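Next come the structures, one after another.
Presented sequentially are two complexes of chain A, the first with chain B as partner and the second with chain C.
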Partner chain A sequence: MKAKIHITLKNGILDPQGQTIQHGLEMLGFTGIRTVRAGKLIEIVFDGISREQAQQATENACKKLLANPVIENYEFVITE
Partner chain B sequence: MRFGIVVFPGSNCEHDCYYVLKYVVQQQVRFIWHKERDLREFDAIVLPGGFSYGDYLRTGAIARFSPVMEEVVKFAQRGGLVIGICNGFQILCEAGLLPGALVRNAGVRFVAKSVYLKVENSATPFTRHCTSQVLKMPLAHGDGNYYVDKATLRQLQEQRRILWRYCTADGEITAAANPNGALDNIAGIMNETGNVMGLMPHPERACETLLHSADGVQIFQSIVA
Partner chain C sequence: MKAKIHITLKNGILDPQGQTIQHGLEMLGFTGIRTVRAGKLIEIVFDGISREQAQQATENACKKLLANPVIENYEFVITE
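What follows is the complex of A and B.
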């Protein structure tokens, strides 16, 4: 069982990393970019627990440590 | 007063704090390893600057779960003085002892330079001996951009819990004087009960004239007064 967790900065919070990446892409000649936002991808591999347990554990992990609710949103998918 | 300075793996300003507390303001002080749990002997706890746990995940995010932090939270709830400098401020926000969060500097770069801070409230345990209205001291961080939601910001303003704001040498609050994009030029705040304080600049690096500014000592003198 594997959780793929995607953490992003909330809308309205300045994302200077995203802006810098966007600037870099534009310097390279990429056009038509509206915005670039940078986030984090965290993968957790579980052993010996059910999908529901993995779902629950991941939700808890996001709330307690992986994301800071003041500035970040999270979403995740559980795969086999 | 008896001060304890918490040392996390990756702390790097603990000796500066120790020096100032012991030799400049002449108080009792000892280091507290992050695995210790007994804080009964202390009147005040300092969380020093540095890069605890390599700043992995988010600044302060892992340090917050150190065994000692559970006790620091209880210590603060009992009314003990807690001071977070730079990384210490980040840890206090992650631990929920102070509102908001410190995010990446608006200019993306690590900023290390001298700044001026306007003392916005001189009637707190952290500022009562600030005789200057503008304090000069260095800062050095990559994530010092203070952010908090609008409702909490209003609360901070109304309750006069914003203690220092980035300003010019003359005390003017301008966008150009803001080194990291912090909301409302906020450099340091305190909690609602007035016993927990965090600031991004380093007063402990500006406590003797030899270090080109001794303004930082006014903050430590306020605390020990």
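What follows is the complex of A and C.
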């Protein structure tokens, strides 16, 4: 089982990394960019557990370690 | 138009951030984890351009700034 986790900053939280990327793109001549937001992508491969167990473990991992619930949202999908 | 970009390390490239996350999860009692890989998630919102232009701009942005083609892969989807 594989969990693909997206961790993004909540709306309203300042994103200096995204702003830096946006500035960099504009310096390179890209136009028409309204916003850039940067987040994290984490992939966990589980061995020998069911889909339900992977779902539960990923939810716990996000809550306990991967995401900061004060400023970040997380979402994930479990695939084979 | 919104581009959702995933940037991941190529297979075979050492991923110390992923290893640290895996170690952290194991210290917290999580079991059955084979590997953890960490990557980047970048969302770009474009104003007033077509889907084809957004596709082209995102492809160029990945090549020129966002991904390091020596060690990273990128993929993206364009949505409304």
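Methods note: the second predicted complex is superposed on the first by the 80 of 80 C-alpha atoms of A that agree within 3 Å, B and C clash if a C-alpha of one lies under 4 Å from a C-alpha of the other, contacts with A are read in each partner's own complex, and residues count from 1 in each chain.
Note that in this section a contact is a pair of C-beta atoms (placed from the backbone, for glycine too) under 8 Å apart; a residue touches a chain by one contact, two chains touch by 3 or more.
All figures in this text were calculated on a predicted structure; none of them were measured in a lab.
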### Message
One more residue to check, A:Val77. First (chain B), second (chain C), both or neither?
### Response
neither
### Query
If you stack the two complexes on chain A, which partner ends up touching A:Gly39: first (chain B), second (chain C), both, or neither?
second
### Message
For A:Thr20 in the superposed arrangement: first (chain B), second (chain C), both or neither?
### Response
first
### Summary
Chosen between chain B and chain C, the partner touching more chain A residues is C
### Message
Looking at A:Leu66 after the superposition, I want to know if it touches chain B, chain C, both of them or none. Which is it: first, second, both, neither?
### Response
both
### Task
Answer with first, second, both or neither: which of chain B and chain C does A:Phe30 touch in the superposed model?
second
### Task
Please write out, lowest number first, the residues of chain A touched by both chain B and chain C across the two complexes.
65-66
### Message
Quick check: in the complex, which residue numbers of chain A touch chain B?
### Response
9, 13-14, 16-17, 19-20, 65-66, 68, 70-71
## Note on the structure
As the complex stands, chain C meets chain A at residues 6-8, 18, 21-22, 24-25, 28, 30, 32-49, 53, 57, 60-61, 64-66
### Task
Name, in rising order, each residue of chain B that touches chain A in their complex.
57-58, 61, 65, 93-94, 99-101, 103-108, 145, 147-149, 181
